[in-house]
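Multiple structures are listed underneath, in structure tokens.
Two complexes are shown next, each including chain A; its partner changes from chain B in the first to chain C in the second.
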Partner chain A sequence: MDITRLLTRYRKLLVAGFIILVLIFLTTFPLYGNDYYVKLLTFILMMTVLAVSWAMFSGTTGYMSLATAAFFGVGIMATAFLEGTLPFPLIIVIGGLLASALAFLIGLVTLRLKGIYFAIFTFGFVMFIGQVAYYIDVHILNNAWGHDLPLANPGTLLYWMLGLTVVTLLIIHFIRRSRYGLALLSIGGNEEAAEHMGINTTMAKVMLFTISAVFMGAAGAIYAPALIHVEARIAFNVFNSFTPILMAIFGGMGQFHGPIIGAVVYGYLDRTLRSELQEYFMVIFGVILVVVILFLPNGITGLIATLRDKLGGVIAKWRKGGQAEEHANT
Partner chain B sequence: MLEALPRLIITGIMDGSIYGLLAMGLTLQYGVCQVLNISHGEFLMLAAMLTWTLTDALGISPLLAVAIVGPLLFAIGFLLQTTLFRTLKKRTPSPPVFEGSALLIAFGLFYIISFAARRNWGARDYVNTILVDRVSFLGTSVALNQIIAFVIAVAVGVAVYLFLSRTRPGRAIRATAEDPATAGLMGVNTNMILAFSFGLGALMAGIGGVMTSWRNPISTYIGFNNTVIALVVVTLGGLGSVPGSFIAGIMIGIVSRLVSGLWNPLLIVPVYYAILMILLLVKPAGLLGKR
Partner chain C sequence: MRILEGQGVSKYFGGLAAVSDVDFHIDQGEIVGLIGPNGAGKTTLFNLVSAAFPISSGEIRFKGHKLNGLKPHRICKMGVSRTFQETKVFGNMPVIQNVLVGAFFGSPKRISAADAAGEASRALEFAGLSAMAGHLIQDLTLVNQKRVEVARALATRPELLLLDELMAGLNPTEVSEAMELVTKIRDTGITIFMVEHVMKAIMGICERILVLHHGEKIAEGTPKEIATNKTVIEIYLGEETRAGN
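After this line comes the complex of A and B, so read on.
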């Protein structure tokens, strides 16, 4: 039998098997792997959560959110303030809920406006919340030094991050398949038409934005102990708003696994090359962003799909040609 | 407290004229080319750092540096439009998609410019101020460089406004902003107009940058803050409205001086945001915006 036919028939089984293998690898890795790689995997998982939850909102509705760093930072600050007073799982939940409450407010103010105002507002919002947090932390609460977090076991952090990643991916998967997901996709396609179909577009957008922020906030809360020292200015780094976009676009937003691939590739490169290349890494980051948007608007997964189509066409033609020749010979 | 008020307002107006100039450039780039240039402040930073280099390496007065840095920035803007954004326009299916992608390309430029600059000039502060003597002006004392910068900013602002509203090329630019396809059919070379407008926007950021280096210490970090200011100002003045952004620039200048003088410099950005939030709720199109 044909290999391609086999692949399509047992696709679900293969995907399930692959996911189980990855999960087994990730859960057993802290038992034998060294700390450097455990931290690297945690970072990659965190990037996956950020990229997937960014793409879940901005990819489907077409509204470009630049507030990821704000929600992520809220999670980090939640851990910084609550560490030691509450159990860690509760802190993660609180971080996520605070971030989503913030997203709900931003969404109410901005999501009924044109997309460009939303982008402007969220872009500066990171700076706004960073300054406010810094002001409150330093001038009102007198934490001029910032917050030192106790050393956490890298393996435990990996498990928490893995749990969050699984929950995030499952929830987003189900949202995409629900009626609600369909409504959201129609907003991205043509908002006015969606409204005429009876979809409350503003509410749908606000809800999705709120849900996506839960994951970002929780990711920040889990990642905070890995930073060891936390300050408002570190927590609300604007860079964190752009990386999810690059990862999602680089991977390709058309498919569910696109942003995941982008996050794995970017997360690995970030950890291995950033300290070595310093400023050049950021310059290269910019160049790649420009090149990807210009020449790979559908990302790697999109590129693979087009290549497969083209190659498939070539192979089919070649086969047909071969058959035609056979016919001609007989 | 109150005796400081006139001084704060006057210096605020002078700061604001530079914000206004910067915002006019941004609003021109968005209004005509549909590119929300998130790297706009980086152009200002680049111009300021180039001015320092010209003074340091060649001994050129920062005052005369405008004549070199300005055209250079114009050329950079012109080339960016003719290469990157024109290619992007050909490759994107619809205007909203172009707008989103152009925004992301501008982010890319933001990283390229700011970190290449940091590689080159490092992170330290450079002082290149000139004409720091204070003169008495309307009952308060103001540095001479602030007055000169104010006069130049207003002159450039008025000149650009008159150019857009009274001349034939200006009319072509406005026609292209309104409806590029029809303007093209009427014989306007729209590609040229887009490139010229983008270059003009970069030139205005450049002039702003040179003038900033006369007055304040500069570093490779000043770009981002200026981008945020310019974005708040254009939203306040109405995205796409040239006179609106100049007026809004002066208002933001006064507000930021009042906040930092009477309250706390750390709270400037939060106050911008309070203004922006109220504005978006009450009148999303901005003070002088259409729609």
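After this line comes the complex of A and C, so read on.
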């Protein structure tokens, strides 16, 4: 039996089957699983949305955005303010749209900045918006104690997050395969040449930065009830700007599934190890990350590809040897 | 018919006049060479035509349309494409995708994915690189990377092609191959404006040559006229002869 050939021939079918199995598992899990794991899965899905949306823009163009926390936080605050006044699905949409409107404005102003300047501006923006939101919330709207959100059914939140994840992955998969994905990739390859080959690079960057923020905002809006208690300082936690980068690098940015794998591994470790190890968790994850960057520049997916190549070579050699022996026998 | 025309074209970098008050024109179907010593402003003039830099004063027209103030992507869509002196390929893509970018975004009208793919493979074949379509671009030699740039520019379906030192660093065989390619491109109806240092190539295929020195146009004419022009020999060819001795 030729396993490698079978694998390549039925690759699409296998992938489809795997996705269906995962979907079945996720949709049925709240029926029998306990709440802790339902929340864990929701967290992992949220991390997936953040990592994939970040990698769609920053991974391909090379423009390191540190604004994720701002867009995510806008989504959280949207739920904090609108909870109870509007239906939840509408709040999710509003959270996403507010985040993307913000991304559009930031994009127009800053996407002319190259390299480190863009990263620093977006980082400064997170600090800025966090402070402004805190000031408005506490000093103008007198919410000194923050917002307490009603307890939400973990299963329902998982379903919303799953819905968002599916939509996000589908749209981003579609974008990556479309001409806009190619435009982004060429900007990452050589922006000047891209501009000279007929790409309106400024518009492409602003548009796709805006789209990536929709998912981040919506993720925040859905995740807010899981936080139970929301304050501007919690919503705009700067750390949320770095985790998507860690996950994308860890998983490998080159391929679509890289950031997903990174998010699943990181999300799981974060929730399980952090409660036991507290601050040591980041030390351990930091060491893991350094090792990955040093030895696996293309992340976990890069490692898998390398292993497959090596293994394929070994199998081919072994098979050739076998054939030679057969010839010798005849 | 004049496909490209410049009047009083100037570019200042601070106090330095990189290109100063240059008048020039390119007729449809011509191969025109642009020569001059290092720092004469050849690439700057190219950058002004393709709008990599904004022009300081003067006017450039393509088929009668003013190019001043347009963005590079607009100019590409109008039918002016270029290659770069220092290759600027998309290092994160295979060869065919590099060319596909030109096919997708360079044509004036929106084209379908199938048409773009067809255009890209045709351009790649024209440049003689079909066999390398799936290779990573970094694995190609400099010569072939330059050819990919030509294919990428051709895939945008240009009417005017600007070639910036296509032949720098090539060995004699490769130079003749490149000369053949350039003539072949012109024979498909594309007008060519090329910066070149390789005299054999310039003299061999250009119908007309412009000479820049310190940003000013000092001569213009057929290869024969240029080769016998006293000023040119003195400040440009002379230098090289001395360097050769």
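The working rule: the second predicted complex is superposed on the first by the 317 of 330 C-alpha atoms of A that agree within 3 Å, B and C clash if a C-alpha of one lies under 4 Å from a C-alpha of the other, contacts with A are read in each partner's own complex, and residues count from 1 in each chain.
Heads up, the rule we're going with is that a residue touches a chain if its C-beta (ideal position, glycine included) is under 8 Å from a C-beta of that chain, and two chains touch if they have at least 3 such contacts.
Please read these numbers as outputs of a predicted model, since none were measured by experiment.
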Output check: A:245 vs chain B and chain C. Expected answer is one of first, second, both, neither. What do you get? first
Would you sort A:136 into first (chain B), second (chain C), both or neither based on which partner it touches? neither
Would you sort A:117 into first (chain B), second (chain C), both or neither based on which partner it touches? first
With both structures fitted on chain A, tell me whether chain B or chain C touches more of chain A's residues. B
Could you tell me if A:19 is touching chain B, chain C, both of them or neither one (first, second, both, neither)? neither
Is A:201 touching the first partner chain B, the second partner chain C, both, or neither of them? second
Contact-wise, after the overlay, does A:293 reach chain B, chain C, both or neither (first, second, both, neither)? first
Between chain B (first) and chain C (second), which, if any, makes contact with A:189: first, second, both or neither? second
Which residues of chain A touch chain C once you look at their complex with the stated criterion? 179, 182-183, 185-186, 188-190, 192-201
So, in the complex, the side of chain A touching chain B is made of residues 62, 64, 109-110, 113-117, 119-121, 123-125, 127-128, 131-132, 134-135, 139, 238, 242, 245, 249, 278-280, 282-283, 285-290, 293-294, 297
Interfacial residue positions of chain C with respect to chain A in the complex: 50, 52, 71-73, 76-77, 81-82, 84, 88-93, 97-98, 100-102, 104-107, 113, 116, 152-153, 156
Chain A partner contacts - residues on chain B that touch it in the complex: 30, 36, 38, 84, 87-88, 91-92, 96, 99-101, 103-105, 107-112, 114-116, 118-119, 224, 228, 231-232, 235, 239, 264, 266-267, 269-270, 272-273, 276-277, 280-281, 284
